[in-house]
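The letters A, B and C name the chains in turn, as written, and every chain counts its residues from 1.
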Amino acid sequence: MSAVTSQGRVLVRRTTIVLTLGLLFLPLAVIVLLSFNASRYGTLPFEFTLRWYTELFGRGDLFVATRRSILLSTGTALASALIGTSVSVWLVRHRPRALPVVSAGLLSAVTIPWLILGIGMLTVFQTLGIGRSTSAVFLGSLVTSLPYQVFIVLARLRALDPSLEEAARSLGASALRAQARVVVPLISSAVLGGALMAFTITFNNFVIQYFLMPFGVRTLPLEIYTLVRTGYKPDINALSTLVLLATVVLIVALQRLVGGVQRTVRPVAGPRPDRGRD
Amino acid sequence: MTGPAIATRASARTFLRDAVLAGPVVVLLAVLVAVPLGLLAFRSLIGVEGPTLAGWDRLADSPILLPLLGKSLRLATVVTVATCILAWPAGWAISRTASRHRPVLLGLVVVPYLTSYLLLIYAVLVLIAPGGPMMSALGALGLADARSSFLYTPRATTVMLVYEHLPIMIIVLAAASERIPDRLLEAARSLGAGRLAVLRRVVLPLTVPSLAAGFALVFVPVAGSFVEAQILGGPDGLLFGNVIADQVTRVNDPMMAAVLSLTLLTAVLIVLGLLQALRRSVGTFVRARRHGGPVRSGRTRVLAG
Amino acid sequence: MSRLSIAGVSVRYGAVTVIDGVDLTVPEGTMHALLGPSGSGKTTLLRAVAGFVRPAAGRIRIGERDVTELDPARRGIGVVFQSYALFPHLDVVGNVGFGLEMQGVGRDERNRRVRDVLALVGLTGFEDRAVDRLSGGQQQRVALARALVIEPELLLLDEPMSALDRKIRADVQQELKRIHERTGVTAVIVTHDQEEALFLADTITILDEGRVRQVGAPREVYDHPGDPFIASFLGRTNVLDVEVEVGPGAPSARVAGGSLELPRSARPGRWRLSVRPERIAVRGRGAAGTLAAVIRHIDFAGPLATLTCELEDGTPVTVSMWGWQSPEYRPGMDIGLEIAPDSMTLYPEGDDAAHG
């Protein structure tokens, strides 16, 4: 292959990537830009202002909804980190045979459209006499976040060389101490990554909140849903810009924690020991 | 003498360990995934005056409902195929960039996917609104009337759904392409395969399994979508999902909500099953071509992610 | 430093018996190799000694202590794993000092002992290095240092060289032998590499299908393998079916192409005769006491060369010689093969050489 064609190929690749990213970011870029535009109706010419941001912070309803969403997502993230990690440890260490059943359950939580899952959950909560409530939303969000938490932690646990724990044991560590000194540090970033993922999913899970939140109690997605139906809103532009910013920060964190996985996960050297064969 | 006592204590401890470690997740999955489906089945057969098949009759007799389901499934197919076609070049291109740039690119790609999709809907609404940035630009170029727009038509829903699911498809296809090393393509070329043959005989068969996963990841949520159509689709844009949601939020008819939910779920599962069968037969076909005989295909899961 | 004794140990995984009643004693301060093909149970036996698998039957003693039921943490062992199992989140000092930390050894003494053991394995200056920034050989030495620094009564090595290049492996084997001599720790090494076992070990156990096939010093098991399986597993060998005749002189056997003088101890009957390729000398055709043969191939491999010959009835015989000697010979050449009686081992017919 000549240098010319390979250079041409690189150019084609770059163009493809730039065009696709442009397409993906076009609507968002417009919103970000308009959030600094003075016109109330999004019309040009562009005139810079921070007015919509100050107005945004003056709006009690959006502030309350955002705080509610953050609280809900934080709660879900913590709970999912806790029970998702323990079930992963259980599946890897104690009951590998339960793996197909549990992962089928987790996969259903992803496969069944949330519309149906949400309605089904609502039916259960109504039957139990709980009905629409914040705790219902919390549990529903937890179920939809758990698959991500578990699959991330499970992958990391399975990539761990089982000899690491044995090495710690042979060096005099008790079973508990081997977990604390070797396993926990090595999976902590995956646990945190899973929790961040759970946070993101809960924060944006409109459908579950739509069906399970009590009427009148609004999370951020529900608030936006109510506002968006009435058309253009400059303060929503400002809000979207902030949410977008938070998402970018979150993704950078996620990549540091889970994307950099290979470095921390890869057994330090040597082939994986062939268990059972010998 | 103490044998049974020890055994009991040991099994009690095992039970406690299982309960603490796995209990919460297993109970949650049972109560909020398995039970709801059972309860929906039950509710679909219970009317105001007791057990009845009225709900299912209404579904069968309605001149609107089943055609609407067909429309939703068609839309989901169109959206998925369009997403695939749009995502493939970018996925392939990203997989061929230097590995240190890849996380950055993939990170950028997921930004819209992890942003609240209500914000995405809003952003698209603003972008394509009559007199909005896109229509103004098209108007300035003389390609369209700046005052008009396809907002509030079914096409807006389609565009939105493609836009919304493009990132995940790019991720899936980039991951799949990454697993096809350049060496493999060079090997195929060295054996005399033309560009098209490389695509058909090497790239495609190796991408199909991931493509099936990507297909499921887009098809399922699109088939169950309703907010996009509700906000962007206008009066003609109603989807099956809207009817289901309305049974809960407006009509308050639990029986019909259950009937329609189960109908959609069944349809989705059938499509996933077909996909699985297709993937398996393609896998067998590829292996058969390779080994010159039919080979039992490995157990595979569509939704491996 | 204590002797290891294993008595009647069996290990079962479900219905499969992986180790079947193994008895073994490793004298204090020696290095013992567990050698066997894959699936022979050698790693499982090592893991039973380490306490990672519980035997279904039998006792394991280290020194005077019965450790059969003991937690791995309290057995006084050091283990070098096949994958090294270095803690990726700790640096070299963190890894090597881990065991001392678990024992509650104070920081100053810990640092001193870590420094000493790193000097022993030749890693001075690498203290703060992240373990994934080390070469394979260096990682191997960190693993060894980590196991040695806790001054174990017994050092267990599970295929420690299998991840290393051939050339580095030879260096590390030398190094390991030197370190073992310096520390005098009782050691058990699992390997499937017969040369490694012969080079490193004071005694070797050959395992097959969970049973002990032979125990002995390297010379002993190499020169007098217990059966044709061991002979062919431990290096290469030629096996000839012979009919032994005991006449007035020394016992002898008629073989295609001549007659062989056998050891005095040979008894009449049909036997299988095993002789190593390097114990066969090439002479001129017709020389006294030789078998007539024809050279078919000559394979030169640096220091050594291998001649593939054929007796008159077509039986193949492999002969090895120094590489520099090989240019004297050509394929097709008629030669005589001389086999000294003391280089032969006789097995009763029916021992299965192809076994394993």
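What we mean here is this: a residue touches a chain if its C-beta (ideal position, glycine included) is under 8 Å from a C-beta of that chain, and two chains touch if they have at least 3 such contacts.
Quick caveat, the model's predicted, so the values are computed rather than measured.
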Which chain, with its centre taken as the mean C-alpha position, is closest to the global C-alpha centre? A
If you average the CA coordinates per chain, which chain's centre is most distant from that of subunit B? C
Can you work out the whole-Å distance between the CA centroids of subunit A and subunit C? 53
Approximate Å spacing (C-alpha centroids) for the pair subunit A, subunit B: 17
How many angstrom lie between the CA centroids of subunit B and subunit C, rounded to a whole number? 57
Applying the document's contact rule, which stretches of subunit A touch subunit C when the two form their complex? 161, 163-164, 166-174, 177, 181-182, 185-186, 263-264, 266-274, 276-278
Contact set on subunit C toward subunit A in their complex: 13, 38-44, 50-52, 71-75, 77-79, 81-89, 98-99, 102-103, 131-132, 134, 136, 139, 146-147, 150, 156, 158, 162-163
Quick one: which bits of subunit A touch subunit B in the complex? Just the residue numbers, please. 12-14, 16-17, 20-21, 23-28, 30-31, 34, 42-44, 83-84, 86-87, 89-91, 94-95, 98, 102, 105-117, 119-124, 127, 139-140, 142-143, 146, 150-151, 200, 203-204, 206-207, 210-211, 220-221, 224-225, 228-229, 231-232, 236-237, 240, 243-244, 247-248, 250-252, 255, 259
Give the list of subunit B residues in touch with subunit A in this complex. 17-18, 20-22, 24-26, 28-37, 39-40, 43, 86-87, 89-90, 93-94, 96-97, 103, 105, 107-112, 114-127, 129, 131-133, 136, 163, 166-167, 170, 216, 220-221, 223-227, 231, 241, 244-245, 248-249, 254, 257-258, 261, 264-265, 268, 272, 301, 303, 305
